[in-house]
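Once you scroll down, you'll see the structures, which are given as structure tokens.
Next come two complexes, and both contain chain A; in the first it sits with chain B, in the second with chain C.
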Partner chain A sequence: MSTEKQTLRRILDRLFVPLTVGPTLLWIAAIIVYPTAKLLISSFQFRNPVTNEMEFVGLRNFRRLVLAREGGSATFGVFSPEFVAVTKNTVVYVGCSVTISFLLGLGIALLLNKDLKGRGWFRTAVIVPWILPYVMSGLMWRWMFQADFGAINGLLQQLGVISGNVPFLSDGGLAMIALIIADVWVFTPFIIIILLAGLQNVPEQLYDAAEVDGAGRWSRFWNVTYPFLKPSILVALTIRIIFDIRALDLVWVMTGGGPGKATEVWASWLYRTAQVFNSPGPGAALGVVLLAVTFAIVAILYKVFGESPYEA
Partner chain B sequence: MSTDSSKLNRIRRSLGLETQNEWPSVVRERLGTYALLSVYLVVIWFPIYYIFITSLKPTSEVLSLPITFFPQNPTVGNYVDIFVNRPFESYTLNSVMVATTTTVICVTLGTLTGYSFSRHDFFGNKTLLLSIVGARMIPPIALIVPFFQIMANPPLIGGLTGSLYDTRLALIFTYTFFNLPFAVWIMKNYFDGVPESLDEQARIDGCSRWEAFFKIILPMAKPGIAATAILAFIFSWNEFVFALVLTSSEAAQTLPIAVSLFVADDFVDWAHLAAGGMIAALPGILFGLFFQQYIVSGLTQGAVKE
Partner chain C sequence: MSKVELTELVKRFDDVTAVDGISLEIPDESFTVLVGPSGCGKTTTLRLVAGLERATDGEIHIGDELVNDKRAYERDIAMVFQNYALYPHKTVRGNMRFGLEQHNTPEDVITDRVQEAAELLQIEELLNRRPSELSGGQQQRVALGRAIVRDPAVFLMDEPLSNLDAKLRVKMRAELNKLHDELSTTTVYVTHDQVEAMTLADQIAVMDDGEIQQVGAPTNVYMNPRNMFVAGFLGSPSMNFLEGTLEESSTGKFELELGGDTHDVPDEFVDPLTPYLDDRVVLGIRPENIALNKDGVPANVHPATVNVVEPQGEKTILELSLDTGQNIKAAVDPDTVVERGDSVNLRFDRDSLQYFDPETGESLTHDSKPEQKVTPT
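Now for the complex of A and B:
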């Protein structure tokens, strides 16, 4: 091999890390860092209607959306009624759907973890709802809940549970319940996947030992399964919560935030705000709030759950 | 004789059989498990079944009472209609192009970068990896405003491309934003599981770093690459919010948008919506049925390993 070729090889080897990592970092800078910086800057700006220039307005975007406007009404001290209402909806929506899908997902994961014939087949069938486009799922559930020709009205009437049509999606409370059902339907498979993977980490001998000790079902779960499952639970809950807070798809196609503002959550409010104003400022301000809330939730979850005792 | 009966007793005990007439508790438990899982499956698959049969019904049957749970006159008319009366071939092509290109970019960059993060200690690699992973926590919807601004008036390349609004390119750029960090993370974890002694052996045998990577390590990473590719494809194929913000015509609108367009202010064309929805759902259903193990391994590599 000629010396030039060897020198070239050596130079190329030296450049391995810069050449493999560099493009990704540049790409990420362009597609993540730059937009995030622009988001922060825009949140402090507003388009001047006369000159059409972006002007620095300090905290005005935050004040007019999140905080009580000057001279306007306020609830909970400093927050605007709209912000409080939307936050309440978001908490109900995320809280109920995460709790229900977690418990359901845990139950199904425990069943699927058993030594069953046809387990692979069951797993495949269980996962599918999560892989479908959320928009398709949302519209599918809107059709299920449809007032005149929907399957749920049809089924409930044929079973004699209700006598007339129930307009699920035009009643505020029922619309929220419908939304939660759709959300649980879509995201429970995700919980199942993550928890099933976690259950593989539980050493089989520990169950046998617990059985010898005469531990009951509940005690076995609490003392053997749970400590090993804890890291998976943390991951499943974290991802589930932050993805639910940002989720627009289901809400947008099922209820559009309505009836009235009954199912308006942060994501749909943000989208609406970004469209309504002839300025990027207010939408960006809500984006900053969403970003801050997301990071705060992750921090709190990791603080509360901490590290599993079995993790070395 | 005595050995026979003791053997029988052992089998009985192992089955949890206390008396001869009782169902063994193991069998009972297993049946219970099957029953619960079956009920669950019927409930979660019913909506998919219902939208599927809706797609096979003519509108007159969809909008009539009582509701039919088996189509009376099944027809593929709705599927034909949406390709004849609406540009569904454009929507499908857009979806295929956007999802495929995004996947190729993310898998290529994710594999190279993931490998370097797995094998090499370089300046600030921990911090860099942490920030790449942290980027996954940024809610995409928080960035719809800056992404709209950027795509309407792209910096640096704007002179060449003009506005990227309502182009597939805008969607491809945007979709790499949430898929690339994920791809790097999955591949890094995957390479962590490939023994480093293989690299060393290759280097001793005279391979350059590039040769060692492409000839020895990359072929071993095929399952990881498959998992990354399938997830990136599904995430891009299903994406809705950015497509809603960044596109406005059949030049770039993808299938999820196309399906939502069947919803008008006062009327929803359910029969055709169902057909469009089934087309949008098809790759997901196929991937789920045939590549389930890759989806599961990709998700757990990406999520659980810390």
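Now for the complex of A and C:
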């Protein structure tokens, strides 16, 4: 081979990595880095209603959202009642939905992992709620919880549990419960699928070994199943919590955050602030808070479930 | 220490019968090997003894106790699995402790037993490692250690050496032998490897098709197989089978007409073979019992042509075709000078001949040889 050809080959070889990885990096920059930077910048700005220009306002957006106001100025150390209420709603909504759907999903996954008749059919059927568009599920549940002709009112009355119509979605406490029920219904299949995949990774012989070693059901779960399921639990919980924190579809369609602010969560508050009230600055500030909280939760999840059973 | 007794044991999975009414006595302190091809029911039998499968019918006694309805951990057994089945997230120590912890053994006893077993198996320096940091041979030792710390009445081993490379397998085989000498725990060992079976066992049970074909001391089963399956399964290369018609010669002797060649039947087999006169009979001869005679043609030799010469070091395997058209293998001394295409004469060692019924596969001469008694080493 001539020297020129060798030199050309060497140059092309050296370009291999930039040429293959480069476009991907640009794409990531375009869809992740730019919006995140834009969000961060916007959170420090406020749109002047007269000039329609974005003006730098420092931490004012954060202060106004988070802190209580007295006579027009924010008071440090005291949270705004709206922030407290929305945060409480979000914790209740995410906490209850994720916990219930996780436990339910784990139970069903363990059941479907057994050699039961009709298992294949059930495995397919169980996915249905998750593959429906969330907005559609939201509409369906709204009609089911409807006060005058909703299916749930009808069912509960026929069963004799309630005597008159219950306005589920316009009663503060009941609306949150209705939301959680709908959310669990929609997202449990996701947990089932992920955990079921994880359960297939457990070597059968380990159960035999544990049986011979004298481990009971609980001990077998903790000492054999759980270590192998941890990576799947991490994926399931991470995605599930992220989804729920930013979940807007179900809340917006079913209750719109109401009645009053009874079911207003961070995602719906953000949407209302940024889009409905046309305030991109405060909306972005809320987005930054959400991002930070989500990161913190994911970090904790990785700490708890991040170790693979084969890792030393 | 305990004996194990299986009586008319049956295991059916839906419509497949994996174990078909086997009876077997495993003497106390013996090393009994269940050997057979894949799917013969040997592993299922072991799992039945372990309590990992429930018997469809029949009885399992460990010691004097009927254990059919007992759970695995109530049976005082410990098991070593083919893939070791170590808990990957636990350290070696954790793996060895686990069984004892589940039985609420006092902490000081656990510590002592783990230490003793680790010393015995020379894995003390591995106690704080995880299985993923160990080689196959080390994992194997840990799996043995996990069984030993339990100090069970019976060890059950399911092809424990099959995942090791050839050299390590030979080494571990010797160590298992030594371990059994030291601990004298009754051991039931499953393998498809007949060399492993022959070298480890006090008692060998050859299985096929869910049934035990023959039980006995390894050498005895090898030398005196009950049927063509056992004869063909034990030994490598396996026994040659030549089918022919049994005839009486003009001198009153029996000979096997092999289609152009005749084989003289030794006098001691005349009695058991008499009912088969003028009938088909299979002659069995092991490759190592065939000698090569390149010179002249004395009586009772079989002319053949060499097809393949396979030097294996300590012996050379020849693939030959007899002039009758039948193929045959012979194991000869490595210094034998022979080439492909050579015409040779084969001489069968007359003390090592076996005769079988071609239809049932049963040995016709099995009973005329004395049985050897099994004594645990």
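We adopt the following convention: the second predicted complex is superposed on the first by the 261 of 312 C-alpha atoms of A that agree within 3 Å, B and C clash if a C-alpha of one lies under 4 Å from a C-alpha of the other, contacts with A are read in each partner's own complex, and residues count from 1 in each chain.
Convention: a residue touches a chain if its C-beta (ideal position, glycine included) is under 8 Å from a C-beta of that chain, and two chains touch if they have at least 3 such contacts.
Computed from a prediction, not measured in an experiment: that's the story for all the values here.
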Just to be sure I read the superposition right, which of the two partners does A:A215 touch: chain B = first, chain C = second, or both, or neither? second
Which superposed partner A:A29 touches (first chain B, second chain C, both, neither): neither
Residue contacts with chain A in the superposition, chain B compared against chain C: B
Contacts for A:L39 in the overlay, against chain B (first) and chain C (second): which applies, first, second, both or neither? first
Just checking: does A:Q205 make contact with chain B only, chain C only, both, or neither of them? Give me first, second, both or neither. second
Now for A:N223: first (chain B), second (chain C), both, or neither, which partner does it touch? second
State whether A:G283 touches chain B only (first), chain C only (second), both chains, or neither. first
The shared contact residues of chain A with chain B and chain C are none
What residues on chain B touch chain A, complex-wise? 30, 33-34, 36-37, 40-41, 44-48, 50-51, 54, 62-67, 69, 109-110, 112-113, 115-117, 120, 122, 128, 132, 135, 137-150, 155, 173-174, 176-177, 180-181, 184, 208-210, 213, 234, 237-238, 240-241, 244-245, 255-257, 259-260, 262-263, 268, 270, 273-274, 277, 280-281, 284-285, 287-289, 292, 295-296, 299-300, 303-304, 306
What does chain C use to touch chain A in their complex? 47, 50-52, 71-73, 77-79, 81-83, 85-90, 98-99, 102-103, 129-130, 132-133, 146
In their shared complex, at which residues does chain A touch chain C? 203, 205-206, 208-216, 219, 223-224, 227, 307, 309-312
Can you list the residues on chain A that touch chain B in the complex? 9, 12-13, 16-17, 19-21, 23-25, 27-28, 31-32, 34-36, 38-39, 42, 108, 111-112, 114, 116, 120, 122-129, 131-136, 139-144, 146, 148-151, 153-154, 158, 185, 188, 190, 193-194, 196-198, 231-232, 235-236, 239, 242, 245-246, 248-249, 252-253, 267, 270-271, 274, 280, 283-284, 286-288, 290-291, 294-295, 298
